[in-house]
Structure formats: structure tokens, C-alpha cells
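Letters A, B, C, D, E and F mark the chains in the order given here, with residues in each chain numbered from 1 onward.
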Amino acid sequence: MSHSITQKSALVVSAHSADFVWRAGGAIALHASQGYQVHIVCLSFGERGESAKLWRLGEMTEEKVKAKRREEAQAAAEILGADIEFFDMGDYPLRADKENLFRLADVYRRIQPHFVLTHSMQDPYNYDHPLASNLAQEARIIAQAEGYRPGEKVVAAPPVYCFEPHQPEQCNWKPDVLLDITSVWDKKYQAIQCMQGQEHLWEYYTRVALQRGVQAKRNIGITEARNITHAEGLQSIFPRVTENLS
Amino acid sequence: MSHSITQKSALVVSAHSADFVWRAGGAIALHASQGYQVHIVCLSFGERGESAKLWRLGEMTEEKVKAKRREEAQAAAEILGADIEFFDMGDYPLRADKENLFRLADVYRRIQPHFVLTHSMQDPYNYDHPLASNLAQEARIIAQAEGYRPGEKVVAAPPVYCFEPHQPEQCNWKPDVLLDITSVWDKKYQAIQCMQGQEHLWEYYTRVALQRGVQAKRNIGITEARNITHAEGLQSIFPRVTENLS
Amino acid sequence: MSHSITQKSALVVSAHSADFVWRAGGAIALHASQGYQVHIVCLSFGERGESAKLWRLGEMTEEKVKAKRREEAQAAAEILGADIEFFDMGDYPLRADKENLFRLADVYRRIQPHFVLTHSMQDPYNYDHPLASNLAQEARIIAQAEGYRPGEKVVAAPPVYCFEPHQPEQCNWKPDVLLDITSVWDKKYQAIQCMQGQEHLWEYYTRVALQRGVQAKRNIGITEARNITHAEGLQSIFPRVTENLS
Amino acid sequence: MSHSITQKSALVVSAHSADFVWRAGGAIALHASQGYQVHIVCLSFGERGESAKLWRLGEMTEEKVKAKRREEAQAAAEILGADIEFFDMGDYPLRADKENLFRLADVYRRIQPHFVLTHSMQDPYNYDHPLASNLAQEARIIAQAEGYRPGEKVVAAPPVYCFEPHQPEQCNWKPDVLLDITSVWDKKYQAIQCMQGQEHLWEYYTRVALQRGVQAKRNIGITEARNITHAEGLQSIFPRVTENLS
Amino acid sequence: MSHSITQKSALVVSAHSADFVWRAGGAIALHASQGYQVHIVCLSFGERGESAKLWRLGEMTEEKVKAKRREEAQAAAEILGADIEFFDMGDYPLRADKENLFRLADVYRRIQPHFVLTHSMQDPYNYDHPLASNLAQEARIIAQAEGYRPGEKVVAAPPVYCFEPHQPEQCNWKPDVLLDITSVWDKKYQAIQCMQGQEHLWEYYTRVALQRGVQAKRNIGITEARNITHAEGLQSIFPRVTENLS
Amino acid sequence: MSHSITQKSALVVSAHSADFVWRAGGAIALHASQGYQVHIVCLSFGERGESAKLWRLGEMTEEKVKAKRREEAQAAAEILGADIEFFDMGDYPLRADKENLFRLADVYRRIQPHFVLTHSMQDPYNYDHPLASNLAQEARIIAQAEGYRPGEKVVAAPPVYCFEPHQPEQCNWKPDVLLDITSVWDKKYQAIQCMQGQEHLWEYYTRVALQRGVQAKRNIGITEARNITHAEGLQSIFPRVTENLS
């Protein structure tokens, strides 16, 4: 989990242990392939709310479900080229106290991320998702404060992107970034296949990637002649600072 | 006005002949300094609505006001390093017919811009501004259509940015880009000083640049250690296509 | 229509000849009672779209409907204590060209209003209403411009208020002002009764006034101990400039 | 085009001659299969803006493109079980004068639709679409007015639904209705295949239908146990009047 | 509280013990009259915040106020034809812990509602209301999860409707459903009269019902020729799944 | 802290001990100069999040930082002419329990404010700010309830204004009031200079005041001929009740 002083890094905060795959697997694999250290925090395993298939197997306990989900998530992270860490905060409902907040702030301090990926700010289908997004954002602010664990190196102001929720319009989520993940799509789809308990979502998120790919092609300016087939949509929380507009 | 096949270019659509200076002077000078051909279209001279000081001189006619405003705008464009063209459509109210629309679409075809700058979509203080923005956007769409002047080279999908209106919150304008114009601020301020008829705005827009500069510094991530003192805010109309998030 | 130099004045721009009664009758009567010269411009008579009862009488022509509607509106204006003027631009659809725009700008110049009342910015039930609102706002901007009819006295920046549409939530209209019209309610109701062709609306708008009255009472601070029974809701377009917050 | 007094009917207003297929083909086929007379109005053929493939064939004229597009649209309408009518107003830009407005109002009067389908209110990629939507809505209002062609039967207040634009989030379009089109999907796909000039969209809109299908299943309450595989999203303009909430 | 396997059911979550009467009394009585088992959960009695008249009687304690409020609410529920249950969580402020959340999720499991009625998502006048709405929505999500009390029957995805707050526009509440309650208005008004402590609201909510009734008539399409005098407005949280659009 | 029965009063709720200076120093000084008793509550000292310069001095403890911040805030309050009180709730993160809520409600009861100033409802850069705003608003509601500490004098419905956040557009904050603070600017700037630890903000907020001053001049109607150079922007939460519109 250590990384050299010059390696770039990214932080992904996922409410449940599979969200990072469906929603950000391409962004993770892409930046890993660019040399970034990508670190994933799963706040819960989604053991209650997102493991229906496992529960239906019968003879199941929460511990067994969590173990299975952990295993799947670790396999997916490995394929994508990322580190993964589990906070095991529980789901349905996910709730965060100060201790969780500081634990995540400490991850920020350790990782010093160049950008952050997390959930949308609204989701009427899943209250854990906005809670995770708020936790990720508040932890970032705390990690920026000189007065939190004074003497430690504070973090800069890494951009935060909200990845795509399951029903985007219902979450008032609107992508302002389309990330070309064509070159890593095969890895994302491999990671998706680790999610044995949610096979019904494999093709759904394949289609999401194809749709965003078509849209990315529609929004390319002159300089970007590359062929895009798959993309991920992202919504920025903060304005981008730049010196060039094309 | 010709430019080599490989030179990058940008198009600025300004309702009145001074808007491009206050609102986009930094972006223009910056990209000119990066080798872009920047082309400015002034739809009107702002002869009625934005030349109060000239009218108060007395013995004034619309022709005289327009001549004076043209002169100022040309001087400013030259300082910023851009071409300038005047459509002379009249102001207060600005109105566009199909002929104006096609004339602007033809400019798009000629310039093949890598990005476009224009006004905000709303402005309760100035109805000419949203009209200019809509004209700029609709002309871009027409210039993209194979069936408009078939056989000509169509334009790609250049990003469109709305530059800062005079009272940003009242226009529901929200910048998602902060452009670092520190390196060209002196040029922008020189161009501002060409606007003899609107001296009351010189310091107002100097302060705008300083405030956006402070905000840009607050939004910088790890990799961008540069010192920013002046910036311009911009709001994107379309999602950005990219392969990197930091 | 002339008024002394020190008399305060107000301008009401009404799409159809009865709108000003339902939506602003209280504001008109109240300010008239405070000594304001209130001037009403009816852009059309609502002859097509808001005269169903008259048309159902049979043997009707557009001219007869307009004459009847003019008569009713004049009677109502008189009760409320206001001047009234008819632009006769036609309704369903209302359309405005530059000539109408300048005609209204000239009214602004003549009246020099201390505030302006007009329609909401959206109304999916009535496209004439937003058009009237936009016309009223654009004419105000033109009347402020030194270069429009140079030499004439320009207008200041009078606040503009959008009065209540028929189905407020559907119009995304949200009142930020509740005007206490208790003292003039009887006049408003008398004016309402002039609208013989729309009797079905009398009780509807009585209830609107009562509801807004209850809401006004719920929003009164310490200093305003008066008893309110009737009110009108208004939405401001521009920020209010003040020296006191209670 | 005549229909018996008791037959239900629907009106579809399409900016270009293929929009109705991608965006509302399922709704059309479904209601046709339920016995509705569905009437489609194509305001233009999309001859300039949506016929790139045809233009690239070479030796093309606007008339040839229009003829080809008409043919395709007629074939699609026939498969879906609907009538079709072409206003030939031109595209890129589409512009509407009073004559077009009245022509469409007359269609409303003739069809007396039980519901209306048209475009979204915003679309930064396609200015013709919101224009078509506004025309459809304003024509509906005029057709409701007693004073428009007095003596004719006015229309009731049919619900208006905005069908799905190409990049839904960018249009601030949010579906509040998911229409189950599973039973007619094969017809929709057949109609889609009539659009020879836009083959690149066939799979895109197949995936749209599948995604909306999955979403529809996620939003079904107890009473609706049916198996849904394909759906279309729609956004209502007006509130729904009902006597039952499940 | 038991109900046959085939009886339809509804759940109403009310922050204080009278909210369900003003805001949803018509919906409750209407569906009860249609054979639904309607179950009301009052999270608190409104003992602190909505019992001013009782407190002003003097010699009052919180227990006395709660007893009185319980009595009134039970009487109202009986008139409307519904079951009622009190969580007694306290008001001003209402606060929910996990235990309350699970208790409500268990009600969902037991009732298996075909639809849910609760408060608006925003209310600057009453923080308890949005809290109740969020609790109702999160409990629904938990009740849907296989991993919550595994083995129990999970709930489907019943639609959730937000009923009308006291000052609708200030809550950014916008009705997309107008429920015709004409046939049960007398019952609703009888239930309203049980609320002895809030007599000032009787006529207010009578007028609300009349206004919504007029609006419902304005939004009726061809097929719905019924005479509506009273209605309730509702805002949907989720998209509606349907096979028919008229 | 006592005040005569007839003295007007105001309450300012500040998340950290310097916010009231940058954001509301003018409003405080202005109303103090008009004879209001202005009472400031600082929920925390901003010891962790807004004292970077102090921490960088080295040899610092949280207690020392808080003492220094208290001193600066007291000096600023004195210059502005206001009382100040510290809740010492901690920052980064600020968290409020019922005890804090009741403590603040009790301040409302004691002060009986004619208006309230607090933070914006959103701030992605600072989660403590919206929390403070919500606490201030919920406490106001509790202080209005007869059933909270029965027998005490409840508060009326004082208007609540959100003062300007650091990056206004990013907070979706939109001023609807521009308060002329020209006459007290020197006092505000003196108070600003008390904030030794945040010298980098002095000129930033001077420019904010100048920009809002220019905007105030642009929004003045006829009757307000005064010369404005400095202003503060404010956003209202509730509608204003009035009897005059100019």
C-alpha cells in the first residue's frame, strides 16, 4: 500500500463491495494502466441489500455473505489493478460516526489522491449511496485541515467525481465527463464477471458502457480522432482548473 | 484569416463589441499565446445599450457610436492576438434571422474551431446575451450537418463554454472551469483599457479576475503547483471527453 | 395620463385584458390608495383564448368580443384606481415584433415606474403569459438604454414582480413576496365581478387571496402585528436593494 | 384519416421524419394494438441534419433526400399501425410561423387526441427538438380555445408526454413514466430497420429499450407481476388526474 | 390489522398525528372505499409543535396533550376507514434511530403496501416533515432487502407519493398527480373536524381541496368526463410503470 | 445581554468564529448603528479547519488556538457593536445533538430576534456551514412551538437570510437582497483586520463588498438615489410580507 513519492494515486469510495466495479471499473483500470496507485475503500459488503442471490441459496449467515462478497471484490480489484480495503460499516442502513469519518480522512492523508471517485449526491433507490458520497466528501475536507492531526501532511484539493448510479435521471445525476475506457473494457468486463451474485447486472452495465461510448463519440472535438466504443460517465463536484480549453 | 491546416483555432461569439474583452479576454490571449488562431465575431457594436458614456458626449449619431466602438474593439482584439469580425446586427434588441444564422454557421465551417466561447444561457439584465448564446449554439449545430451546403467540410463537436455574465448568480451561471490567465493578465488589462466608453467597468473586471484567481487556487489538485493570481470562470454546455481525471 | 414629478408610479403588463384583475388587482388598488399612478397595459383582449363564455352566446364576432372585454377591463381598472391602455396585439397566439417592443419601451419612458408587475416566466397552460413577461422585461431594458431614442430620460432599474399564475406549482412559480391586500380586498372583489365572462374564476381567486393571507400571517416577524386576511403572492426577478433587514 | 366517434386516438409530433421511430415507436405500436388511431405529424424530413449517410452517397439533392426519408417514415408508420402526415417545414433550422401553428392546431381539432407525444423541452444538441415540442404544446392550447375557429369542437386537455432524447441527462429530461413495450418490441425493431440512413442508431435504441425495461421492472409494485423486457421512458408535462394510486 | 391475501393495502407515514388528515384524508377514505386496507403510522403526536391551542388551555402536561391528540387521530382514522398506529417518537425535533427505522420496515413487511403516502422532501417551516419522508423511504428500501430479516417476505416496489405541505411552493413541492376525492369529501371534512385543537386549519384545507379540484378539471383528458369538485395533489418519487398513456 | 422591551434585535449564527465577520460584518454593524441589539452565536472556533496559519506557528495546542480565535472574534464583535457567545461545539466536523439544538432555541427565546443571519444551505467546500444553517433554522422552529418549554414567550417568524459563502455559485447560493453597507464599511474592515490568522482573506472580502456594491447600484429603482460603494448579498429562506413594492 506504500507508493513512491512521485507515483500518482486515486481514491475510490464505494458504499457496497460491488459498486466500484459497475460504476468505476473502467476509470480504475484505466488509471492503473497509466501508472496510478488506485485505492478502493468499500464501506460495507452490501451484505443485506445487494446480495439477494446469495441469501436465496439458503443456509446463509451474514458472516458467510460478507466473506463471499469480500472474496469477489478482492478478485475484481486485482483484475483492475487496484488496492482494496473494507471498513465493514454495515449496510441497509449504512451509518457513519466520527470514527468512520476520521478513519477515511486518514486514508486520504495516506493516499494523497490526485482524484476521488464516489457515489452520486442523490439516489431515491439507495440511501446508502448518498451517505457514502457525503462521507467521502467530508473526510476529504477534514484531511485538508491543518488542525486535524496537526503536523501530518494535509491533502490538496483533489477533484471529486460522482460515478453513474443505477437509474441516472432519477438521481438527478448528469455527467459532465465522459471517460474513454475503450482500452480497458476487457478488464472491466472480467472484473464484472467476478460478481457472481449479481449476474443480472452484467449485461446492464455492458450496455451502459456502450451507450456512454456512443455519447463520447458525439462529444469529441477536432483534436480527438480516436475511436471510442466504451465509456463511463462522471459528474464533477468542483470546478476544474486548467490552462487549455480544447 | 487563413490558417495552416494544423493550427488550432477558437471562435468567440460576442453580443456586443466589448463583451469579449471583459468576459473572455484572458482566454483569448492565453490561447493566442499557445498558437491558436482565435476568431471573434461581434454580433453588434452595443451602440444603443452599452455606449452610455458616448451618447452623453452629445452631438452623437448611431453611426458615430458604432465607428468608435469598432475602433475600440479592433484595438482590443489586436492586443489579445485575435481576428475580429463585425456582423452589425443591431442591439437592444438583438434579433437574428436565418441569414445571420447561416452567416455564423459559415464562420464555423471556415474556422473549424477547437472550442467556442459565448454568453450565458440566461441574463435577466440583458436579453441580447442569451440570444447571442443561442445563435452561437444553433449555428454550430447547422455547421455540423452534412445537408447544410453539402460537400463542404462539416465541423466536429467543439466544446462550448459560457463566459461570465455581469451578475453571475442572477443568471444562474455556475462555472465548472477556472482558466488560469495569470500569464496573460497584463494583456487582458491592456485590452480592457481600450474600452474608453466603459471605464467604470475596468476595476470591476479586474476584481472578477482576482476573485476567480483565488478560487482557482482553492481548487487545485496535487499536480498543479503553479501560482495563480488571475482566472476566468467558464460554464460548459457539453460533457468533456477525456482519458485522464487528474 | 400625465403625473406630477413627485408622484410615484407603477406599470402592469397583462397578456390578456383580465389577467391584471385576478393576479394583481390587490397590488394595483393598494398602491393606488397609497397615491401611486398605476398604469396597466393589456397586450390583448384575450378574445380568442379567454372568452369562452362570450363565444358560447352565439352570434359573436371577434370585434364584439373585444369590445365587451375592453369594457369589462376598463370598469375594473377604474374601480382599482388605475389607468389602462390596450395594445390589441391579438392572443392565442400572442406575438411581439420590434414595433410592439418599442411601443412598450416608450410607455416605460413615459411612466417611469417605481415597480413593474407582469406574468410568470413559465406557464405550460398558456404560452401568451411568458411571452408577455419577456416582452415587459425586454422593453424595460431598452427603456434603460441611453442609445434608444437618445436625449429622452431613461428609466432607472425598477423591480419586476411576477404575479401568480393559475396553477402556480406547474409554472415553477415561487412567491418570495406576500403583499398584504386586506385593506383593499373589497375593491379587488368588486373589480373581479366586472369579469362577467369568467364567473367561474371569482371564487377561485377569492380562495387564492385567502390562502395567501393565511400564509402571510405565518411569515410575519415581530414588528408586523397587523391582522392580515387577504394577500397576493409575487416572485421577484431582481435582488432587492435595502438598508434594513426586518 | 377519419375515425369513428368512439375510437380513442393519439397524436405524435416529430421534428424530423425518424424521431417518432426511435423515441416513440413502442408507444405508437402499443396503442395501435389497443385500438387507438395514432396520428403522426413529421414537421420536417430531417433532410439536412439527420441524413448524413444519404448525403455521403453523392449525387444527392434535397428533394431526393426528402423523398427517401418520406418513404422510410411511411414504411415505419405502417409497421407501427399509424397514420402519418408531413408538414415539410424544413430542418436545421426548423422554424414555425403562425400558419404552421394553426395547421397543427387544426390537426388537434381533427384528431381529438387522448394523449400527445413529442420532444423534450431542452436539447443542446438539437435546437429543432425543443422547437417542435413548443409548437406541439402551443397548438394544443390554441385548439382548446373557443375563440379559435369559433363553432368547431374544441379539444379537451390531453396529457402531453416528452419522449426520450438522444442524450437524456444533457437535456435535463427525467422520465416519470416507464411504458412497457415488451409486447410490441418486435414491431418497433422492424420499424427501426426501415431507417436505412441511420443504421448506427439501431443498436443504440435497442439498448435504450432494454435499459428502460430493466428499470421498469425495478419500479413495479405488487399488482404488476408481468414480465417486462423492453420499455420506453416518458416525461409528463401536466399532472395526471386519477382515482387510484396503485 | 390482519388482511386477506388478496386485499390491496396502503401505508401512510405521518410525522404528527394530524398530518394524515389534512394532507391525505381524501386519498385514505377513497382507497378505503375501494376496499384497500389503509394503515397509518403516526411517528409522533405533534405534542410540542402542533398543539398550541391545547397548551394555551393551561394546566397541561405533555402526557395530557398526547392523550388528547391520540384520541382525535383515532377518531379521524376511524371515519376515514383506516387502521392507525402510534410510534410516539417525539416531535420538535423528531429524530429517528435504527430501531425506529427497523420498526417501520417491519410495518412495510407486514402491510405489503400497494402504495405509500408521506411528506414532502423539503419543508423550511417544519423539519420533522422531511425527516418523516426520509424515514418512510429508507424503511421501504430496507423492507425490500433479502438480507434484512432473511426468510421473511420482502416488499415489492410500491410507488411513494408526497402529499401536500402547508405552503407548497416554499417546499419546492410540485404535484404530478391530482387525485379526485369528490366522492369522499364529506368523510374527509368529518375527519378534519376531529382536530379540535387546530380549528384554524379547517377552512384552509377545505380551500386547498377546492383549488385542487378546479385544477383537476383543467387537466382532464377526453375520457374522463366526471365532475370533480375536490381533489388532493401528490408528488411522485418514482416513475410509474404502465401500459397505457391516456 | 438584556435589552429593553422595545429595542429591536437580530441573531447571527456562525459556524466558526470568523464567519460572521467576512459574511455579515456589514449587516451587523449597520443594524447595530440603527439601534438593534445584535447577538452572535459562534458554534465553534474553527480551531481545526480555519486556523491554518496559527497551526503553522508550531508549539500549538487546540486550547491555544481556541483562545486566540475567541480573542479575535470578541474584538471583531466589539468593533461591530454586537454581543457574542461561543458554543464551543468543535469543528471539522461540527455535529449537533438535541442539547445544542435546545441551547440555541433558548437563545432565540431570549433574544426574540427581528431577523436571523446564517450560512447557505449548501457548501461542498465546508460541511460545517450547511449544518450550522440547518441548526439555526430548526432551533428557530422549536422556539416558535408553544409546547417547547410551555409558558415561555415563543418567538414570531423572523426572516432568515443566508449570507455569502466563499464560492457563491458552487454553493448554488443566489442573493435576492443586496444590503447597502457603505456607511459602515470602515467598521467592517476594522473587524476584518482582527482576523490575524486569515490575512489572505482581507482583500478577498473587500473585493466581495465592492462587487456587491456595484451590483446594488445596478439594481436601484427610482426612489433610491443614494450612492452605494459597498454591499453584502443575502439569500432569503422565507417570503417577505409587505405592504409596498417599491
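Just so it is clear, contacts are C-beta pairs under 8 Å (C-beta built on N, C-alpha and C of every residue); 3 or more make two chains touch, one makes a residue touch a chain.
None of these values were measured; they are calculated from a predicted model.
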- Query: From chain B, what is the lowest number of touch steps before chain D is reached?
  - Reply: 1
- Fewest hops from chain C to chain E - one hop per pair of touching chains: 1
- Query: So which chain is the furthest away from chain A, centre to centre on CA atoms?
  - Reply: C
- Compare the CA centroid of chain F with every other chain's and tell me the farthest one. D
- Same or different, please, for the chain A to chain E contact, judged on whether over half of the interface numbers appear on both copies. different
- Message: Rounded to a whole Å, what is the gap between the Cα centroids of chain B and chain C?
- Response: 37
- Item | Centre distance in Å when chain D and chain F are each reduced to the mean of their C-alpha atoms | 53
- Junction residues of chain B, two or more chains touched: 125, 170, 175, 215, 218, 233, 238-239
- Message: Building nodes from the protein chains and edges from chain pairs that touch, which of line, ring, star, complete or other describes the result?
- Response: other
- Message: What's the complete list of touching chain pairs for this entry?
- Response: A-B, A-D, A-E, A-F, B-C, B-D, B-F, C-D, C-E, C-F, D-E, E-F
- Item | Residues of chain B defined as touching chain D within the complex | 98, 101, 134, 137-138, 141-142, 145-148, 150, 237-239
- Which residues of chain E touch chain C in their complex? 125, 166-170, 172-175, 203-204, 207-208, 210-211, 214-215, 218, 233
- Message: Quick check on the complex: what are the chain D residues that touch chain E?
- Response: 8, 10, 27, 30-31, 34, 36, 112-115, 117, 156-159, 161, 175-180, 215-216, 218-224, 228, 231, 233-234, 236, 238-246
- Note on the structure: Listed in rising order, the residues of chain C that touch chain D in the complex are 47-49, 51-52, 55-56, 60, 62, 65, 92-93, 95, 124-127, 170
